[in-house]
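Common to both upcoming complexes is chain A, partnered first by chain B, then by chain C.
Let's look at the complex of A and B:
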């Protein structure tokens, strides 16, 4: 399992620049929004939590089809499915690898983008914390979407249609944490709800993903 | 007493719906027409909302069906996953477009009503938002069915999507409530005493709800029959090729 994790990480880091793409997309979004909305700090500060969360969501989405597609094409997914490691574990590892290469860098870069969008100083801690708590759910849910569409041609667009509605609760609570933090309000409730969604998704969705993957590999 | 599971046999299902479908169709047309005509032309105007109140006869039944159809799809998906009855999977497939249209009717009639009453076509109210999200779930479900060639794989994948989607749809509903307290009034109908609606409206409304249910049933049966026939056609073509 560790070998699978290091293999996936290595593939993501070395092969074809999939690693940087999500980050670059996140950055571009943070540049485009002020260009579109106008440079007033007050406006930007108001929408910054939402923009950063939507940006993280979309950046995550971009790299989802790489989770299984390459392994499916060269047949290593079939080998993984027949390996002694349970498929649920494989799926979890895949999600962890996706999070380490997409979610975690997003978390780390988000304060810089918060600066670009004039995020209020009180909100930085909550931005990082909410992304740290929420992005694992994005990876796990995304893995489910990727497993659903793995065998399909032109699966990418379909996957965004399937996955984005599933991201809604995470987005709502995540952005709520940051905007409440920015206004100096208590963030305990949305933070707890965000955490519970992540915990639930991490605990249950790998089973659904593995089930779906088995169906697709049949 | 015949068991419900007998209808898992496509042959039995077809034979029963052969005579059942025309009856349901006629009943659906009659009841819905009575309900809508009654509601639109033979109810008094509300003293505050004027005649716009009558849109309730489209809005409430379609919104109710939009949710119920998703629940029906959930049950059908579960039956497919657990007992592998093809009719069940095909029924879920046939129900989805009806649900999509019901959601759309609910949204559009709501917008048309909201314009004069709330002064806006759209508000990011929890109920409205959850309905838009439900619409997206229907779209995703239908798109997944359309994208997969193999019918059994499609049935499996969409069934799992329906299960997972249901959980997330409920979560989204509560997230939307948490996110924004809304404009939308509470439930129009309630089984609790002290209801807010007069019988002059309630009677045609109940008629419309039954009518919409029958319309759904008729479309569901017709759609499932079409799917079964399409499957048979495929099997026939395959057999021809083998021979």
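Let's look at the complex of A and C:
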């Protein structure tokens, strides 16, 4: 299992692995929004939490179809399915690898982009915390979407349509944590809801992903 | 030991084969023959456990089957050694040097797999079987894109595997130089198509 994780990370970091795709998208979005909306600090500070969360979500979505598609095309997925590793573990490792190469870099770069969007100082802690809590759910739900559409030619559109509704609760509560934090209000409730969505997704979805993967490989 | 009794399998919802029975004892090889589309790959995928059988029974010791498909599952940006190391770690076996040696890949070990020729990639894909350490090899057209020398090399590898009590079930059109291998022609096992209209309404959604 560690071997699968190190392989996936190594593949992502080598040429053509797609590492940095989500990061670059996030960066571009945060740079373009002030240009489009105008440099008014008060306006930007108001929309910054939402923009940062929507950006992180779309950046995650961008790299989802790579999770299983490449392994499906070159036959590794068939071989992994017959290997002595439970498919539930395979999909979990895939989600972890996706989070480490997409979600974690987004979390780390988000304070810098918050600076570009005049995010109030008291919101930075909540921005990092909410992304840290929420992005694992994005990766796990996305892995489920990727498992549903594996084997479909250009299944990216279908996958986005399937996954986006499932992303909405995470987006709503994540952005709520940051905007409440920015206004100095209590963030306990949205933070707890965000955490419970992630915990539920991490606990249940790998089984569903493994099941649909098995059906798709037939 | 691999024992298949009364197996029926389907592809894309269409039954292809039925009443296929055979048994493999340690040291035996079985070659599947038949025209394109007769169900060789489907049978092998069913035996490998990738799809459920329509009917019949497949009994094998747990964790005894290693499957090699048309596609080799090679990652182009990893070196030959890294590719094999990964599969050795997945199967929990030690050491890939014997596999490199036997498939004549020693000189290519540190080359990125994307720079290999088609035949060399195939040799790498087959070397994976050696690092699985599993007794029953299920091979789907293992000799595709191999040259004459490599086919002979692979034939020798299969024979050595059989000599150690291994088993091999393969679909191939090329003679691997294994006169002791039994041949099973699948043309006689073709499934009769179901009567139209008997499948019921649900058929349209399966």
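The criterion applied here is as follows: the second predicted complex is superposed on the first by the 216 of 218 C-alpha atoms of A that agree within 3 Å, B and C clash if a C-alpha of one lies under 4 Å from a C-alpha of the other, contacts with A are read in each partner's own complex, and residues count from 1 in each chain.
Note that contacts are C-beta pairs under 8 Å (C-beta built on N, C-alpha and C of every residue); 3 or more make two chains touch, one makes a residue touch a chain.
Bear in mind the structure is a predicted one, so any value in this text is a computation, not a measurement.
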item: Which of chain B and chain C A:217 touches, first, second, both or neither; value: second
item: Partner chain in contact with A:190 - chain B first, chain C second, else both or neither; value: first
item: Shared contact residues on chain A - chain B and chain C; value: 218
item: Residue ranges of chain C touching chain A (in the complex, touch as defined); value: 48-52, 63, 65-67, 69-75, 77-78, 82, 85-87, 89-92, 128
item: In the complex with chain B, residue positions of chain A that touch it; value: 144, 148-149, 151-152, 154-155, 158, 161-162, 164-166, 168-169, 172-173, 176, 189-190, 193, 197, 205, 208, 211-212, 215-216, 218
item: Residues of chain A defined as touching chain C within the complex; value: 2-4, 7, 10-11, 14-17, 71, 73-85, 217-218
item: Residue numbers on chain B that touch chain A, as the complex places them; value: 133, 136-137, 139-140, 143-144, 147-148, 153, 156-157, 160-161, 163-165, 168-169, 171-172, 174-176, 178-179
